[in-house]
Structures are given as C-alpha cells and as structure tokens.
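Okay, so subunit A shows up in both of these, paired with subunit B first and subunit C after.
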Partner chain A sequence: MLRLQEIALAEAKVPHLAGITLDFRPVQMTTLLGRTGAGKTTLLRVIAGMAMPDKGRITLDGTDWSRLPPWKRPVAMVTQQSINYPHLSVLDNVAFPLTRAGVSREAARAQAEAMLVRVGLGAMTGRHPVALSGGQQQRVAIARALVKRAPVLLMDEPFVNLDYKLREGLREELAELLRKEAGTVAIYASTDPREALQMGDAIVLMAEGRALQSGRPRQVFAAPATLAVAAVVNDPPINLLPAEVSGGQLRLVSLGNEPIPGPDLPAGRYTLGLRAEDVRTGGDLPARVVLTEVSGSETVTHLEAGSQSLVMLERAVKTHNLGSRFGLHLDLSRALIFDAQGLRLTPEPAHG
Partner chain B sequence: MRTLYLALKYLAVTLWSAFVIFPFLWMLSTSFKTQNAVTGGATWLPWVQYEPSLAGWKALFGGAGGVNIVKPYVNSLVVTGSASVIALVLGTLAAYGLSRFTFRAGPIRNGDITFFFISQRIMPPIVLAIPFFLMLRWLGLLDSLPGLILVYVAALMPIAVWVMVDFFNTIPRALDEMAWMDGCTPVTTFCRVILPNVLPGLVVAGMFCLIFGWNDFFFAFTLTFTQAQLLPVSIVALNSSVTPWWSLSAAAIVSVAPLAVLAFVVERFLSRGGLAGAVR
Partner chain C sequence: MYRQKYIFLLPGLLVLIAVILFPLIFTIRVSFSSWDVYNPGLNNAGGAMYARMWEDSRYWEALWRLSLLAVSTVLMQYVLGFGLALLVWREIAARRFFRVLFLVPMMTTPVVMSVIWRTIFHESLGPLNPILDALGIGAQPWLSQPGFAFAAVMIVEIWQWTPFMFLLLLAGLLSLPSEPFLAARVDGAGPIRTFLSVTFPMMGAISVGAILIRAIEASKIMETVYVLTSGGPGTSTETVSYYIYIRGMRDFQIGYSAALSLTYLIIMAVALTLIAKALVRLMVRGAQA
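And then the complex of A and B:
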C-alpha cells in the first residue's frame, strides 16, 4: 500500500499541496479527479520524487520514500506528453529501464518486444520515435512504463493529447494490461469526470491542493460531500440554485421565490445542486435556449430562466433553436442541498 | 520549365563551388612554382606554362632556405587537440549545469553567467596577453605546451559553453526526469540520454574550438619563444625579404588540411535530425 501522510508543498508561498493524506491500494486503479491546477500533477511528481514536499511522509509497504531520489524509487510514470528517448529505437526505448535495472541486453529486448506486441506496436520495434504517430509514441511511453513492472504506476492524463477514438481504444487497452499486472498501485490523474467515473475502482477528488473526498466513484458521484466536489464530479456541470429558508419555507431565490417542498431546515442561506439530467422539458418554468451541444446520443442545452442559468441533459439528439422558449420541469426531489459553507445536508439520494 | 530550373540551379552551384575552390587550386599551383613562375604573370598548367619545382615543399622541412615546420605542426596538433577536448568536456558540463539548474547569487542569474563566459571572447586578446604571460611565468609554464594548452582551454571554453547551453536548452527537462524514473542517476542521465541527443551540438562546438585554436596566432606568438612553437608562428617565420609565395602556399595547404578533412568526416553528424520526437 502506498501511503501519503500530510504531504504539503508550497512554492513562493503559494500552496500547491496542502496536507494531503491518502492511501492507495494495489490491484485497484485510483483516479485523481480535479480541474487544471488542482494539484494532481504536483502530487504525482511528489510520489515519483521529482518534487520534494516541504513536509509529510510517503511510504510504500512501510518503507519510507520521503528522502529517496527519483532513480531509487520503484515508480513508472506516463505523462501527458509522450516522452521517449529520441536517439533510441522503439525497442531500445522500452528495453531501457530494464537494462538500467541490470537485466541483460538480450533479456531486456525480449521483454520489451513482448510488451510492444501487447500495446500493438510489434511491427514498429526498429523505428525511432520520431517516425511514429502521436498515439503510437504514447503507446511506446506506456509500454516503457509497464515493462518495468514497478509497484507504483503513475499516469498523468496520459491520453489527453490524443484524438477521441485513440483515447477510447488506449483506455481499454490500459485497463486490460493493468488487470494482468497484479500488485500494482495504479494512480490515474484526469480532468474528465466521465473518464474518472469509468476508469477508477477508487476516486480522489482534488481542488486547490487538497483531497476533498475519496471513495468508490459511484458513491462519490451520488453523494458529493461538498459543493466543490459536486462541481468537479459532474459533467455537464451541476446546476447551483441559491435558496433561502425563512418562515419555515424553502424558497429558490433566483426562481421567483415561491415556496417549494423540502426538508425542515433552520433559517438561512443554502444552495441546491440539481444535476443536468434532473432538468426536463414540459414544465411551467419559462426558459430561453442559450446554447445547445449534441455529443454522441446526448444533448446538453444551456438555458436562462430569469437571472438563473440552467443546464439540461437529454439522453437523445434534440435540436433546440437558439433563443426558443419552453417550459422546464425541475425535479427538486433529487436535488442536493448544501449549507452556506458548502457542506451537503441531504442524505444520499436514491440515484439510478 | 523544370529543366531550366535545374540547369540554373546547377549553374549557380557550380559557380559558387568554383569560387570557393579557386583559392585552393591557386595555392596548390603556386606551391609548385619558382620565383620566376610566380612573377611571370598568371599561369595555371605545370609543365605546359611553367616548370614545376618542389622547392616550396622542401622549404617546409628546412630545405631551400625554409623553416622546418614538422615540430610546430605536431605541437599545434597536440595543443589544439588537447585544449579543444578539455574545453569541450568542461564547457559541456558547465553548459548542462547552466541549462538545468537555476543559480542565484545576488542579482546574478544563469543568463549572466553564460554571458560572463562569452564576454571573455569580446575583449581583444591583447588585454589578456600580459596577465596570461605573468601567470604562465609564475607557473613556470612559459614557452611550454602545457602552458599553451592551459591558455587555449581558457580561450576556447566560453565557445563550448555558449554553443552547448543553447543545445541543452532545446532538450526538454522532462527527458531528464524520465531517465531518472527509468533508473538513471544524474550522471548516467547526462551520459546516456542527454549527450547522445546533443551530438550535433558537440560537433559544432568542437569544430569552433578546433578552428579558433588551430588558427590562433596571437597567444602562440606572445607566450612562446623557441621551444613550444606552433604552426601559425612558424609559417610567418617562413617569410623573408623576398616573399616566398611557393613555400607559403605549401604551408597554407598543409595548415588547412586537417580542418578540411575533419569537416568532411563530421559533416554527417551535423545534418542528423537531432531532437525531433523527444516530447510530443
């Protein structure tokens, strides 16, 4: 088990990591989900030894890594950009970490070749990285990371620069490859909530250098502990509706201030988080279409209802003309209620 | 149209080649002439227009009133070769440090240090002549090959640093980090990953060092007397009241030869793609 305790790192007094304590177990893939600048890359670099934390401890199965230089840590990493050694052939690129670890040249090349076959580059072994396409170069980098069989495998948005089709394919390949590598702690950083929810057996939500929440992906998605988590984990973004309780009544401030049914709450300000899929057509809330995006078989529509912006997700291809108006139905029974500090108050909703 | 273009292209290349090669041919021809053949108007063809003579070449070995340049020639090879290798090794290490680490000393940053190195070459050499002379005398290295090597290392290292810093800067730091993760210490990273990728830079810097070192006259002249003579100084010593164009031409040819041969040998390293594909 890879254990991080109170990892903190600041640069020019700006905190990049603020006291992160996490356990990563082998056999399961953990996804770090957070927006750009959340501290995901910094955390991976700290684990790899490329950045030294100001304080905190890293241990792998009880062995303290905190003072180990990167070349002594049994870590493999795949980064956003495909990094390969330009002067070496594809085969020698993949064999390189093995020969550095003392494996004989022949044995290293044999293992490298087997790994290249597994990532679908068996026919490219003699080429140099420059002669490969972007996706192939990234596969060389992945093969080089996997061939070491390092107990810790770090992946920092490894597919972000690739085209959609390739990304899907490689994601499946990687999951398949990792399934065969028992005992590996695999950490995958991503900015894409859908990818994170699909890929990880466990998920860690990060924002502003902090780990906000961790757990099973569906559980974190269904019951985000805070407003910040709900904002990061939902794609399309969750609708945030300002609300107020006064005189024992819950009212949506930006949507007419009519009392709506809700739990008994003390007087004060609240925020309702309503997922895009819980906004539907066919109600009596007048709204105007601002933007429509069709992605695959889904339609995401951005709307304006008075001063409130709303996002609606329909699991069908729809064409809503810009500026057109129709009535909306908000399924507020499924809304998450957050208090003024952003903590979730509603219990975990029964979510399909 | 295409034929015309090709014809024009080859014509231009031929003219330029002729322009470049002509002085060498003229030197070669002159080296076989006698005084009469040199002063008797422009002539090209030996045996037809003039009677060739080996006097110019013999003069290089001390015959026909010349100066034996064999020892200075060997001295020049030793001094330039060793100084260039040392300057290249030290300069490359310094440049890697300047490229990879951030130095802070008061207001001084990496760029200032690099400029400090190259500023050594901005000063006219005469400024350095007296300090060098005094230092070598103090070290007991005046008029000696080790003394000259020391001076040339000081003069050539800035060139190596200057060229190599730029080459190292083109290599992404991510490549160093990937090598660390693949089990390389900083030293093996430098030797096995970074150096192979700056090979064109090493060739360029090495050529610059060799050219500057080989052609230097000033330090070779001011810091030696009789024992550690270098080629440029002895070529000048060939001169007399009647300029011996034949032996000077022969000397010029043997003096240019090593650099010309080297240029042909290393040319293929310069045209290699280098870094393409390090990081995509």
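And then the complex of A and C:
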C-alpha cells in the first residue's frame, strides 16, 4: 500500500498541496479527479520524487520514500505529453528502464518487443520516436512505463492528446494489463468525470491542493460530500439553486417561485444541487435556450430561467433553436441539499 | 531564361576564382619549379621538389608532431569544454559570471596570449617556476627541453581554445529538450547513467561539429609555436605550417615550400574527411543504434 501522510508543498508561498493524507491500495486503479490546477500533477510529481514536499511522509509497504531520489523509487510514470528518448529506437526506448533495472540487454529487448506488440506498435520497433505520429509516440511512452512492472504506476492524463477511438481502446487495454499486474498501485489523474467514473475502482476528488473526498466512484458521484465535490464530479455541470427554508416550506430564490413543501430542515439559506439529467422539458417553469451542444447520442442544453442559468441533459439528439422558449420541470425530489458552508445535508438524494 | 541565372552568380564566382582557385592552381604550378632566391621565376623542375620532400625527414617529423599535438589538444579541449559546459548548464550560483569568465581566453588575441604565456613559462623570470618551487615540485625547464616545450605548446593551445569548445557545447546542451531527462530519472537512471545514456548521445551531432571545427583549426597551429618556442629547442616543437613558413618566407625556397604546402593540404583534407566519417559513425549513428 502506498501511503501519503500530511503531504504539503508550497511554491513562492502559494500552497500547491495542502496536507494530503491518502492511502492507495494495489490491485485497484485510483483516479485523481480534479480541474486543472487542483494539484493532481504536483501530487504525482511528489510521489515520483520529481518535486520534494515541504513536509509529509510517503511510504510504500512501510518503506519510507521521503529521502529517496527519483531514480531509486520503484515508480513508472506516463505524462500528458509523450516523453521519449529521441536518440533511441522505439525498441530501445522501451527497453531502457529494464536495462537500468539490471535486466540483460537481450531479455530487455524481448520484453520490450512483447510490450510494443501489446500496444499495437509491433511493426514500429526499429523506428525513432520522431518518425511516429503523436498517438504512437504516446503509446511508446505508455509501453515504457508498463514494461517496467513497477509497484507504483503514475499516469497523468496519458490519453488526453490521443484521438477518441485510440483513447477508448487504450483505456480498456490499460485496465486489462493492470488486472494482470497483481500488486501494482495505479494512480490515474484526470479532469474528465466520465473517464474517472468509467476507469477507476477508487476515486479521489481534488481541488486547490486538497483531497476533498475519496471512495468508490459511484458512491462519490451519488453522494458528494460538499458543493465543491459535486461541482467537480458532475459533467455536464450540476445546477446550483439558492433556496430558503422556513416553516417546512422551501422557496427557490433565483426562480422567485411559490414556496413548496420542503424537507424537514431548520430555517435558513441552502443550496440545492440538481443534476442536468434531473432538468426536463414539459413543466411550467418558463426558460429560454442559450446554447445547445449535441455530443454522440446526448444533448446538453444551456437555459435561462429568470436570473438562473440551468443545464439540461437529454439522452437523445434534440434540436432546440437558440432563443426558443419552453417550460421546464425540475425534479427536486432528486436534488442534493447543501448548507451555507457547502456541506451536503441529505445523506440520500433529498425528498421534498 | 534559366541560363541567365549564372550571370548573377558571376560576382561571387569571380571572387572565388581570385582568392581560391587561382592561388591553388598557381601553387601547383610553382611546386613543379625550383623557384628560390638564386633562381627566381617559373622554370620546369619536374617532380624534383616532391622527391626532395620525400627525403626530408624534418617535414615528416613536423607532420607527425602536428598530428599528435592536434589530436591531443582537441581531445583535451573537448573533455574540459564539456566539463565546464555541464558545470554551468544547470542552475548554479553566479552562472552568468562563470559563463563569461570561461570565455575570456578565447576573446584575447592569440599572439598576445602566447607572449604572456612565454613570460609565464620563463625559467628564471616567469612566475610559474617560483610557484612550483614553493609547492615543492621544483623549477622546470619549460621552454629549453623538448618534452617540456611540447607540453608548454599543448597547455597554451588547450587554454586558449577550450572556451570555444565550451561555447559550442553549452549552446548544444541548452538546446536539448528537457523531457528525456525527466524520463531518465523516472526510468531509474542516476546522474552518471543519465549523462552516458541521454546527455552524451543527444550531444553527438554537435560534438562532431565542434571537434571538426577545432580539428581544422588545430591542423594549422602556427602562431603559438612561432611566439612561444620558435619551433625549438632544435626542431622539437616545429609544426608543418611553421616549417613551411621557414622554408618559404625565411629561406625563400618558393618552389619547395609550394610542394610542401600542397602535400600538406592533400594529407589534411584526406585525414579530416576520414576523421569526420569516423566521428559521425561513432558519435551520431553509434548513439542511435
């Protein structure tokens, strides 16, 4: 188990990591999910030894890593931009970490070749990385990381620069490879909630250098602990509706509508988090279409209802003309309720 | 219409003919004459000058000495230059100051530097021997014994031209992408292995360029020898160009020195071509294998 304790790192007095304590278990893939600048890359760099934390401890199965230089840590890493050795052939690129680990040249080349076949580059072994396309270069880098069979595998948005089909294929391939590597701690940084929900066995939500919540992906998605988590984990973004509760009645402030029977909460101000899929057409809330995005078989529509912007997700290809108006139905029974500090109050989706 | 393009090449071509082709052809013609101070002018001496050269052991010794001097000094310049460049490549304190400091020897006039070094090496008046004395090594016959005089020429050459290597290699290092170095650290390569497997191979092409430029320059070593030792003691530090200078400009044996020059040119052209090919195979392709 890879254990991080109170990892903190600041640069020029700006905290990049603020006291992160996490356990990463082998056999499961952990996804670090967060927006750009959340500290995901910095955390991976700290684990790899490329950045030294100001305080905190890193241990793998009880062995302290804090003083180890990067080249002595049993870590493999894939970064966003494909990094290879320009002067070495594809085969020697992949064999490099093995020869460093003391594997004989012949054995290293044989293993490298087998790994290149697995990532679909069996025919490219003699070429130099510059002679390959961007996607192929990244696959060389991935092969180089996987061939090492390091106990800790770090991946920093490795597929972000690849085309869609390749991304899908490599994700499955990667999951397949990792299943066979018993005892590997795999950490995968991503900005894409869908990818995180699809890939990880465990998920860690990060924002502003902190680990906000961790758990199983479905569980975190269903029950985000805070507003910030709900904002990160939902794509399309979750609708945030300011609300007031008084005397068992709930009123949506920005929509200015009539009070409705609300949850049993003390009087005060709250925020309702309503997922885009819980906003539907066919109600009596008047709204105007601001933007429509069709992706694959889904339609995401951005709307304005009074001063409140809303996002609606439909699992079908729909054409809503810009500026057109129709009535919306908000399924408030599925809304998450957060208090004034942004903590989620209702353990299960609220019934109101 | 396309023929007219050659007209535009004419000015450059004329200059080229005037400064390269004519002297070369004239030298070839002169080398087949016995033009000297007694019989000036272009007569026909056949291959007599070349026959004389074949027997002239002083010329061949000078050629051998020059080869030794060039190879050893360029090699040392490369090693030292690379070392200095690595030293100021990464973030270190006063990096800019050191970068400029290392270039000072190259920025001074070679002849002036040689005069200063002659003063330094002076056996009774120079500052070097008292220092060696104080260190318990004892005074050395720097310019009066063949081995020491040769070493003195080497020291001055290395001192003067290491900065040039340093400059080219530092430019090369600064142009390297940083990503492979990150990859090497994660792939388990420590500093020494990273240098051997990443830095050095990636510097292959620029190294060959730097070494060749210096080798071409070093094959003409003349002013250092002229000022420092005048080829002495005896002929022990005489290089080819210095010997040709003596035969041509001091003894005024124009025909003979033309034959020496031409042979020297051909030998150097062949040798440098072979060296260039060997270096490319060793340092550029070898690194990519």
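Going forward, the second predicted complex is superposed on the first by the 346 of 352 C-alpha atoms of A that agree within 3 Å, B and C clash if a C-alpha of one lies under 4 Å from a C-alpha of the other, contacts with A are read in each partner's own complex, and residues count from 1 in each chain.
Operating definition for what follows: contacts are C-beta pairs under 8 Å (C-beta built on N, C-alpha and C of every residue); 3 or more make two chains touch, one makes a residue touch a chain.
Bear in mind the structure is a predicted one, so any value in this text is a computation, not a measurement.
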Both complexes share subunit A, so when I overlay them there, do subunit B and subunit C fit or clash? clash
Contacts of A:34 with subunit B and subunit C, given as first, second, both or neither: neither
What is the contact status of A:262 with respect to subunit B (first) and subunit C (second): first, second, both, or neither? neither
Between subunit B (first) and subunit C (second), which does A:236 come into contact with in this model arrangement: first, second, both, or neither? neither
Just subunit B (first), just subunit C (second), both, or neither: which does A:89 touch? second
Applying the document's definition of touch, where does A:69 land relative to subunit B and subunit C: first, second, both, or neither? both
Partner chain in contact with A:77 - subunit B first, subunit C second, else both or neither: both
Which partner does A:50 reach: the first (subunit B), the second (subunit C), both, or neither? both
Quick check on my understanding: which residues of subunit A belong to both its subunit B contact set and its subunit C contact set? 48-50, 69-71, 75-77, 79, 81, 83-87, 96-97, 100-101, 128, 144, 148
Of all residues in subunit A, which touch subunit B in the complex? 48-50, 69-71, 73, 75-77, 79, 81-87, 96-97, 100-101, 128-132, 134, 137-138, 144, 148, 161
What part of subunit B is in contact with subunit A in the complex they form? 172, 174-175, 177-185, 188, 193, 196-197, 199, 273-280
Taking the touch rule as given, give the residues of subunit C at its contact with subunit A in the complex, in rising order. 177, 179-180, 182-190, 193, 197-198, 201-202, 204, 287-289
Flag every residue of subunit A that touches subunit C in the complex, lowest number first. 48-50, 69-72, 75-77, 79, 81, 83-89, 96-97, 100-101, 128, 141, 144, 148
